[in-house]
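Some structures are shown below for you to check.
In what follows, chain A forms one complex with chain B and a second complex with chain C.
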Partner chain A sequence: MLLRSLQRGLRIGAIAFAILTYLILIGVPTRLGALAMPVLALLTALIFWVALRGGKSKQAIANRAPAPLFLTGTTAGLVAGVLTASLIAGFAQLLMAGVNVQPVFDKMVPMNVAALYGVMPGALAAGELPPWGWLWQAALLTLAGVAGALLVLIERALRQRTWSSGGALRWLTMLLPFILLAFVVWLGSPGVTLGGNNRSTLRLLMAMAAIGSGLFALRAARPGREQRLLALLLLAGLIYLPFTLDQFQNSVMGIVFIFVMMGLGLNIVVGFAGLLDLGYVAFFAIGAYVYAFLAAPFASPALSSLLTSLGIPVDGPLVSFWAAIPITMLAAGLGGVLLGIPVLRLRGDYLAIVTLGFGEIIRLFMLNLSDLTNGPRGMLNVAPPYLFGYSFGNPREIFILALLGAGVIAFAAYRLDGSRLGRAWIAMREDEDVAQATGINLARTKLLAFAIGALFAGLAGQLYAARQMNIFPDNFSLFVSIDTLSLVIVGGMGSIPGVVLGALALKGLPEVLRGIDEYRIVTFAALLVIMMIVRPEGILPSTRRRRELHEAGGPASEPAAALEPALPSDYRTLDGGKP
Partner chain B sequence: MRGLGLLGLALLVWRIVTVGLAENYPLSFWISQALNGLVLGGVYALVALGYTLIYGILLMINFAHGEVMMIGAFTGFFALQFFTGLGWMEGPTTLVVLALILIAAAGMLGSIVTGVTLERVAYRPLRGAPRLVPLISAIGASLFLQYSVLLIFGVTPRTYTKPPLLEGGFRVGDVFVPYTGVIIFVTSLLLMLALYLIVQRTKLGKAMRAVAEDKGTAALMGIDVDRVIVFTFILSAALAGAAGVMLGFHNTVVKFNSGFVPGLKAFTAAVLGGIGNIPGAMVGALLLGLIEALGPSALGIPTEYKDIIAFSVLVIVLIFRPSGLLGEVVSEKKA
Partner chain C sequence: MALLEAQAVTKIFGGLVAVGGVDLAVEERAIVSLIGPNGAGKTTFFNCLTGLYCPEEGDIIFDGGSLVGLRSDQIIALGMARTYQNIRLFGSMTAIENVLVGQHVRLRSTPLGAIFQSPGTRREEQKAEQQARELLAFVGLAGKGDMIAKNLPYGDQRLLEVARALGSRPKLLLLDEPAAGMNPRETDGMMELIHRLRDELGITILLIEHDMKVVMSISDRVSVLDYGKKIAEGRPDEVRSDPRVIEAYLGAGVLTEHTA
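Now for the complex of A and B:
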């Protein structure tokens, strides 16, 4: 028992050391400043907590006796502390000796190491480090080990008590969005000086939290009259939002909701029909470029010379924003069908790679067909929408349009989900062969999924072009596809509120947390992996999906065991891979 | 579908005859381009083998395999810098050869560590989950590795400097053959041979084949499936690491995203040959290398479209022959 606790502690400590090394190498201490070491220790305590509690189930946590737990925790802390402190000391020695480690480790500037001692970089250069620095760092991390063990015990104590909230929690959940909205409005009123310069960011964060909590509130409400009433109130709040937010906040919200539109479209293809499309950006690009051709024909050399030879003036938009909507949507939908036809026979991974190839091909064409698309110089001066002669291109109006578009698409998706076509998609997702045997026309159903998904992406692309006014091929890189897919997955595949939540989390939060911009992709990539391990169904899953993934019961921390019996038969499992 | 394919083929031939051949390039041009293609194909083959091995056993696309290769290239670069610092690269031939072998070994080691960690952290917990789940995890891992390398080592590309011994080449008639090309091609052939022998002749190789055939039955026969999977990741990562170092010497620059496009192309090669099929990956990669090297001149299109050719080949193969050129391995259901 003793030996096993020590062994476990050693392993956990080594893992924590690896994570800490990574965080130091990517320059996190520089950002944290003098607080670097305490914050890292806090983080380590959380890592230890997760590692020490082991399985998620109540049983596993109840079985941890205090003594071995503390032994494991202290060992882990000691191992992580000694190793990390030594690593830091090594770097400090190198830097003090005047060695420039930056050619290898880009982020290992003196500032980074100095922050870990809680001193200014000047002190490092002068060779004046606190004498007890090593001991201080090691001790802090050892303490983190003890704290991790303590957290497990606290959690256990809390879990043993049964809580009865008497429905208060439900009411709170339902009231929360309105409280947050009131807070947003109050923050916007003149004379409030909360948070100094960060007031605007705080307000944006609160507005996003209000929308997010609204989604949870809808879920908490009892179906029927209560839910309908709540939905109506929430809708009123949402419509009020653009009018109370300022230019910056509206512009962020605009891009978030453009991505909601994208996410809802991709959700149809991936979530409903189960076709993993990694080239979804292609339709977004088609929508944006077709609108740019219509609204700024003068930016395209080939198009302007063609129109001039036909005697059509090219100094302004050919059609208005509103008249362009059906054209861009049709063009994108056609793109969807054209992509769909060749890949009809492909499934799963192959489909993913081929669609990824298509997305890249479209981008490369936009980049290299300079005559048509003006190449990397982009399509400039795309006209914003006009309504009754007024420009509708301000962030506020774009946000309203995006809300409107997202609303229409969400309604369409909601109706499709329950329709005959929606059920055909689900059947096809679960098992193509059985679906075909029950009389579903696979080719037609698949093409419709691609086409409808593409229509919505085209609409989003048009709005995006109108918002940006200048578009370049680089706006349509693979990362748009990956961002959109990530937000669908994080929110919960097949779930409409999930998409909204995912867009807020993945597109909105980075805008608020400008400081971590550099770490955005790494954070979300890690999140994607962790999400797949811990909660593959997403934050706000659709009921069906949650049942699929967790029907068999059992601890969620062992997905392999929990998933096996509930697998849709189309997904090949390891054992079922070969007939 | 078949008629459409034949029509496309006819158009292709017409284009080659009217445009590519009309340019009247000398024969030596075609030969040197083809040699270039073979060299690149050899490197792709090593990476493609990794995709095929892992797909054969886990039935998943290791989307992060290109990044495993890229990290091998980085480790190899640091080893190269180390030996340059020691002065080995300018030293006598034996020292240079020893250094090159050690650099390749360092690259392989870097890739192996990455590959094994990847399997342990991102794939093993998901074994048996629906198929989309590990693929998404792999996409996440791929992005994570790319951008971690960007954060840790910075944006500046690392430049591989060839040792003076490897500069230059020799002439066969009108055709110039660089030394690096010969070394890369021969090394990749040797590594492929080694892999073939490991898979066919050793006990672990036998276990790998058994696990690929049927995991459950293999486990009943006393095979430690987890160990075999880790061994597969080690093998494929080692090949990728060697490929990364060779690609470093071939392209001279390594960046955080240099693994992505070669990874995609190697995957294309694996599919072209029939995924899960070891000789298929080799043939497919060499073929893809040739197509990429000869295609732009033969079709008379700018070289910027080189990547489009590779992707188009992938799409066309998957549409008309989803099982690849050599593969009956992949059944309709799995594809």
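Now for the complex of A and C:
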């Protein structure tokens, strides 16, 4: 028992050390400034908490005994602390001795190392480091290990309370978004200096955390009146958000929610209907370009000469933003049907390849039809929306519009999910042949999925064009499709709140991490890989997806499933089926 | 006039004649069994009838019209539903959702109606759900509507497949080995259900079955397939004593055991 606790502690400590080393090497301390070490320790405490709580079921957490837990936590903290502090001391000695480490470790500048000691870079150059630096760092991380163990115990206590007296944890989950929102508002008020230079980024992060925790809160609330009331309050908070955030934060949130719109559309195609579409950007591009044609006809050589010959002046938009909405959506929807028809008979990988091609075709069209689209020079000066004669195109207003658009789309998707068509999509995703033999017209059902998904992408594209004001074919590369697909997968396929969370994580977090430049993509990729191993169904999966990926569905079958190793779903029906 | 009339139906896979010129007539409100050794082409014949396969030759007349060349979703809309030998439910859906998918062809709601929850859609959905619960109760799954299909016990999954097929309000129901893998008690329940399908709902039944006790006791007529050819047809007692059937399929031992 003792040995096992120590072993586990060593292992967890080594993992934490690896993560800390990575964060230090990519220059995170530089960004954090004097607070670097405490913040890293806090992060380590969270890592320890997740590692120490281990088992996923409530039962496993309730069974953790305090003594071995603290032993494991302290060992882990000590291991991580000693190793990390020594690493930092090593780099400090190298830098002070004037060794040039940058060719290998390009981020190990004096500022980075000095931040870990909580001093100015000048002190490092002068060779004056605090004498207790090493001990301080090691102690801080050891403390993180103890804190991690403590967190597990606190969670255990809260969970046990849940059973006896009505859910402290639930109330905490439901209150969290409002606490975070209040924090965001407080951070924005004049005179607050928390976070120094990074205050704006910190606020953005907190705003995203508030939205994300709101989704969890909704899930924790009891269905019925409690949930409705909470939804109303959260909605009020969400509406208030654009008015408290600044230009930069609103701009990031705008793009995040444009991707929420896209993700919700793709979620219908991939999550509901199970059609793997890798060319989804095509409909986004169609929406953006059709709006550009309508709102900036002068930017297109062919269009402007045609309109001039018809005697229509081309110095302004043809129709307003609002009147353009049905046109762009219909155009994108038509694109969806046109793509759908040739791929009706394709499944799985083949479908993915063909749709991938379709996405590229649209982009190449935009690039090479320079008479119509002005080619790589792009469509410039696309008109922003106007409301009562005032421009409605600054980041705050775009964020409001994106929120509105995402809300409408989420509502439509939610209603469709529970409808006759939604059931047909799921049936088709599970077994195409049987679905057809049960009376589902596959052609119609697939085309509807493509068309509805495309309609939503078209709307997102229009808003994107209005936001950017200048659009180029390069804005619509394959990576937009991949980003959108990843956010659907990370969030949880087929889950509407999951899409929102996925967009926050995949489109929002990189903006927060902007300081670490070239490493953010690597960091992100690593996070994605870990995520797919640990939680393949996504962060906030739909109940149906969870059922598909984790065999144990109902509470009745849980104990049996816990004993069996994870088998692919077909297995169990086979041996459970034949007597 | 027979409800279903298969005329010289032929299905060929490469060089193998899976079904070769099979004629079969099913009268309205009859219970007809199709039997034969493994690989005799029974399920292939079912697949031809329900549009999963398109037969190379022959014609299938159902309720006065030809089915050849129609898609399976068109065929079920005409009133022919089926179950599967290896259960093919929509596993991640609940029992009631499975039946609702079965009702798909009888429902009319549109995507726009669903988004705006038009009164028509709401009424239709309510009615459909109530009907689905009634169907579940009819097959003996009352109260299990909200269970996930794949978590149901094996016997219940078979019943759910019947309920799903009933959702399309069929005139003819094709059952592919409905009693396979069931214990004697469940088998008796299934036989009773098949009788009730015919007597209470007026549904004509065509079934494939290996359990001779079931076949002999519930069928009005029995057809025997062997190597894709129909080798015998008639009342159960006629087929039972047909020497070709004994040779091809039942074996003398089984026969004496049953007559004894």
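As a convention for this text, the second predicted complex is superposed on the first by the 370 of 579 C-alpha atoms of A that agree within 3 Å, B and C clash if a C-alpha of one lies under 4 Å from a C-alpha of the other, contacts with A are read in each partner's own complex, and residues count from 1 in each chain.
Here is the rule we go by: contacts are C-beta pairs under 8 Å (C-beta built on N, C-alpha and C of every residue); 3 or more make two chains touch, one makes a residue touch a chain.
A quick note: this is a predicted structure, and the numbers were derived from the prediction, not measured.
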Contacts of A:Ile361 with chain B and chain C, given as first, second, both or neither: first
First (chain B), second (chain C), both or neither touched by A:Leu276: first
Chain B versus chain C as contact partner of A:Ile440, first or second or both or neither: second
Touched chain A residues, chain B compared with chain C: B
Contacts of A:Arg415 with chain B and chain C, given as first, second, both or neither: second
Contacts of A:Arg345 with chain B and chain C, given as first, second, both or neither: first
Which of chain B and chain C A:Val529 touches, first, second, both or neither: first
Touching both chain C and chain B, counted on chain A across the two superposed complexes: 573, 577-579
Touching residues on chain C, where the partner in the complex is chain A: 50-52, 71-73, 76-77, 81-82, 84, 86-88, 90-93, 97, 100-102, 104-105, 107, 109, 111, 114-117, 121, 125, 147-148, 150-151, 154, 164, 168, 181, 183
Chain A residues touching chain C - in the complex, by the definition given at the top: 411-412, 415-416, 418-424, 426-427, 430-431, 433-442, 448, 452, 544-545, 547-548, 553-554, 556-557, 569, 573, 576-579
Chain A residues within the chain B interface of the complex: 22, 25-27, 102, 104-107, 274, 276, 278, 342-343, 345-350, 352-354, 356-358, 360-361, 364-365, 367-368, 482, 485, 489, 518-519, 521-522, 524-529, 532-533, 536, 549, 559-561, 563-564, 567-568, 571-575, 577-579
Chain B to chain A touching residues, read off their complex: 58-61, 78, 121-122, 125-137, 139-144, 147-148, 151-156, 213-216, 264, 267, 271, 302, 304-305, 307-308, 311-312, 314-315, 318-319, 322, 331, 333-335
